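Per-chain numbering from 1; labels A, B, C and D assigned in written order.
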Amino acid sequence: MSAASKSFLKWVLGMSNGFSHATEIRVRYAETDAMQVVYHGNYLVYFENARTEMLRAMGLPYSEVERLGLYIVVVEAHAHYKKPAYYDDLLQVNAILSELPSVKLRIDYEITRKATAELLVTGYTVHTFFNKSTNRPARPLKEFIDVVQKYFH
Amino acid sequence: MSAASKSFLKWVLGMSNGFSHATEIRVRYAETDAMQVVYHGNYLVYFENARTEMLRAMGLPYSEVERLGLYIVVVEAHAHYKKPAYYDDLLQVNAILSELPSVKLRIDYEITRKATAELLVTGYTVHTFFNKSTNRPARPLKEFIDVVQKYFH
Amino acid sequence: MSAASKSFLKWVLGMSNGFSHATEIRVRYAETDAMQVVYHGNYLVYFENARTEMLRAMGLPYSEVERLGLYIVVVEAHAHYKKPAYYDDLLQVNAILSELPSVKLRIDYEITRKATAELLVTGYTVHTFFNKSTNRPARPLKEFIDVVQKYFH
Amino acid sequence: MSAASKSFLKWVLGMSNGFSHATEIRVRYAETDAMQVVYHGNYLVYFENARTEMLRAMGLPYSEVERLGLYIVVVEAHAHYKKPAYYDDLLQVNAILSELPSVKLRIDYEITRKATAELLVTGYTVHTFFNKSTNRPARPLKEFIDVVQKYFH
């Protein structure tokens, strides 16, 4: 069972462990390509958008993380493209945190077309923490861990 | 041993099976982000650029593939970020075809900073073929297979 | 008096002639650059987003215009950058139609930071119409003119 | 006579005053949109690319300008779109410095399709200088002025 499927299951079952947040994104012309669909690289931008809104919904906006002196950097990104999205489509992007972050933080994503509920893209990103002043790997902030642990029990 | 490592080995050993092509890319300001490094999503664009030049070097430019009536679409993309690239860095992006394409086509990538030879990013993309007029999955073109098979023996 | 100032005045005075629509845009990390501000080219994307929402608010979504067989293409774009926008800023982008379109359609834009009401960027785009099947310049659609004329009297 | 025409004339006449530099850019799939042409906002990125290479050719790479403590920021951008560019087109982007910079620096651009010599896009950008540490407007660097003055007599 994939991590995405597991997290989806948890989410259906009430998300006893973890956090899921849905962000709506309207496809811009700039984001399409000559195949008349969303350019595959732009889904990583949609993932970023959903991740940002998930952190905000958890009570710790990413801009606040940076103000506290940390960068959350992307060390791995994966996308699986099932169906295309088109110009002006309204997408729902679920960002799912199903594992308590340690040195690494993994977030899963599921993108659907709102009008039809079709699943278009799944994927995940893996992140580590960097100290902004030293530019060296760092432990996650206590503030970050405190916020996140509320959703795992 | 990862597919990337295997393909790298073959490439060192003379690439008896497959094809590898190096493309140089200069980092634009537009491609950096507020962390003052290349935005992670833009490496998929660099992969695309290198894939295009690899196909051209093999004798079958992608624009020609489309003229022949096929789309090569991306069904999966993966990137592993090891070190950042900066504005104005000159990058070398190796695109590596190490498996004879069948229904799927897999291409691996290795991005290094030219000045220091540091390995910055690895990744791969998986592709399938679509008929442009029917918009349905298709077999790869005979022209495509003929060109590709020259590099596998 | 600039066209932007004139249109602003009309808008304040009740917009007896023309139409103005405000769209909110949240700045993505992908849209910033190594100066840690929004990359100047991305404001044209924000203009596009606001133009799309203005047309939707007028009752003629651009996707509908294309379905009716027309492209509205950009023939000129201008931006004047006064102050930077930063990651995660919530922007208000006003798209203003103050002249009844003829062969050309001109739209003005004003971007402010919501939190401070600072004016960040002004600009405009000029558009013409193309027939999608012939790929030749075309008159604006009757449907388009009918919708637009409701706002000019 | 427009500034672009004047600068073109000077360039033809041997560019006794000013500097012009041609950069080749290959259109990426990522840069096209659903109209199957280059998205209009991306020409500002091509302008940036050509401006960077012009400065490098003049002997003062922009990365060096930043190392010396200055930002050259964009305060105005204009583009006039005449004909579309397509995927995989090889473009020539001329960046033209025809006025000795003072507090402001203006650069003109002309983009042609190499294969046909068709003029596709013209435009310009206007820039000012910022001190990186104080984040306040600054005079251009002596190093910058010294380099630039060699081309004006």
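Annotations for the structure displayed:
Everything below uses one rule, namely that contacts are C-beta pairs under 8 Å (C-beta built on N, C-alpha and C of every residue); 3 or more make two chains touch, one makes a residue touch a chain.
Fair warning: this is a prediction, and the values are worked out from it, not measured in the lab.
Chain centre most remote from that of chain C: B (centre = mean of CA atoms). In this structure, the chain pairs B-C and A-B differ in their number of contacting C-beta pairs, and the larger number is found at A-B. One inter-chain figure worth recording: chain B and chain C are separated by 37 Å, centre to centre, where each centre is the mean of the chain's CA atoms.
Separation between the centroids of chain B and chain D, computed from CA atoms only, is 30 Å. Chain A and chain B have Cα centroids separated by 25 Å.
Within chain B, contacts with two or more other chains are made by residues 29-30, 41, 44-45, 48, 87.
Contacts from chain C toward chain B in the complex involve residues 29-30, 32-34, 36-37, 39, 41, 86-87. By the touch criterion stated above, chain D contacts chain C in their complex at residues 35, 40-42, 44-45, 48, 71, 73-82. Interface of chain B with chain D (complex): residues 26, 28-30, 44-45, 48-49, 52, 61-63, 87-88.
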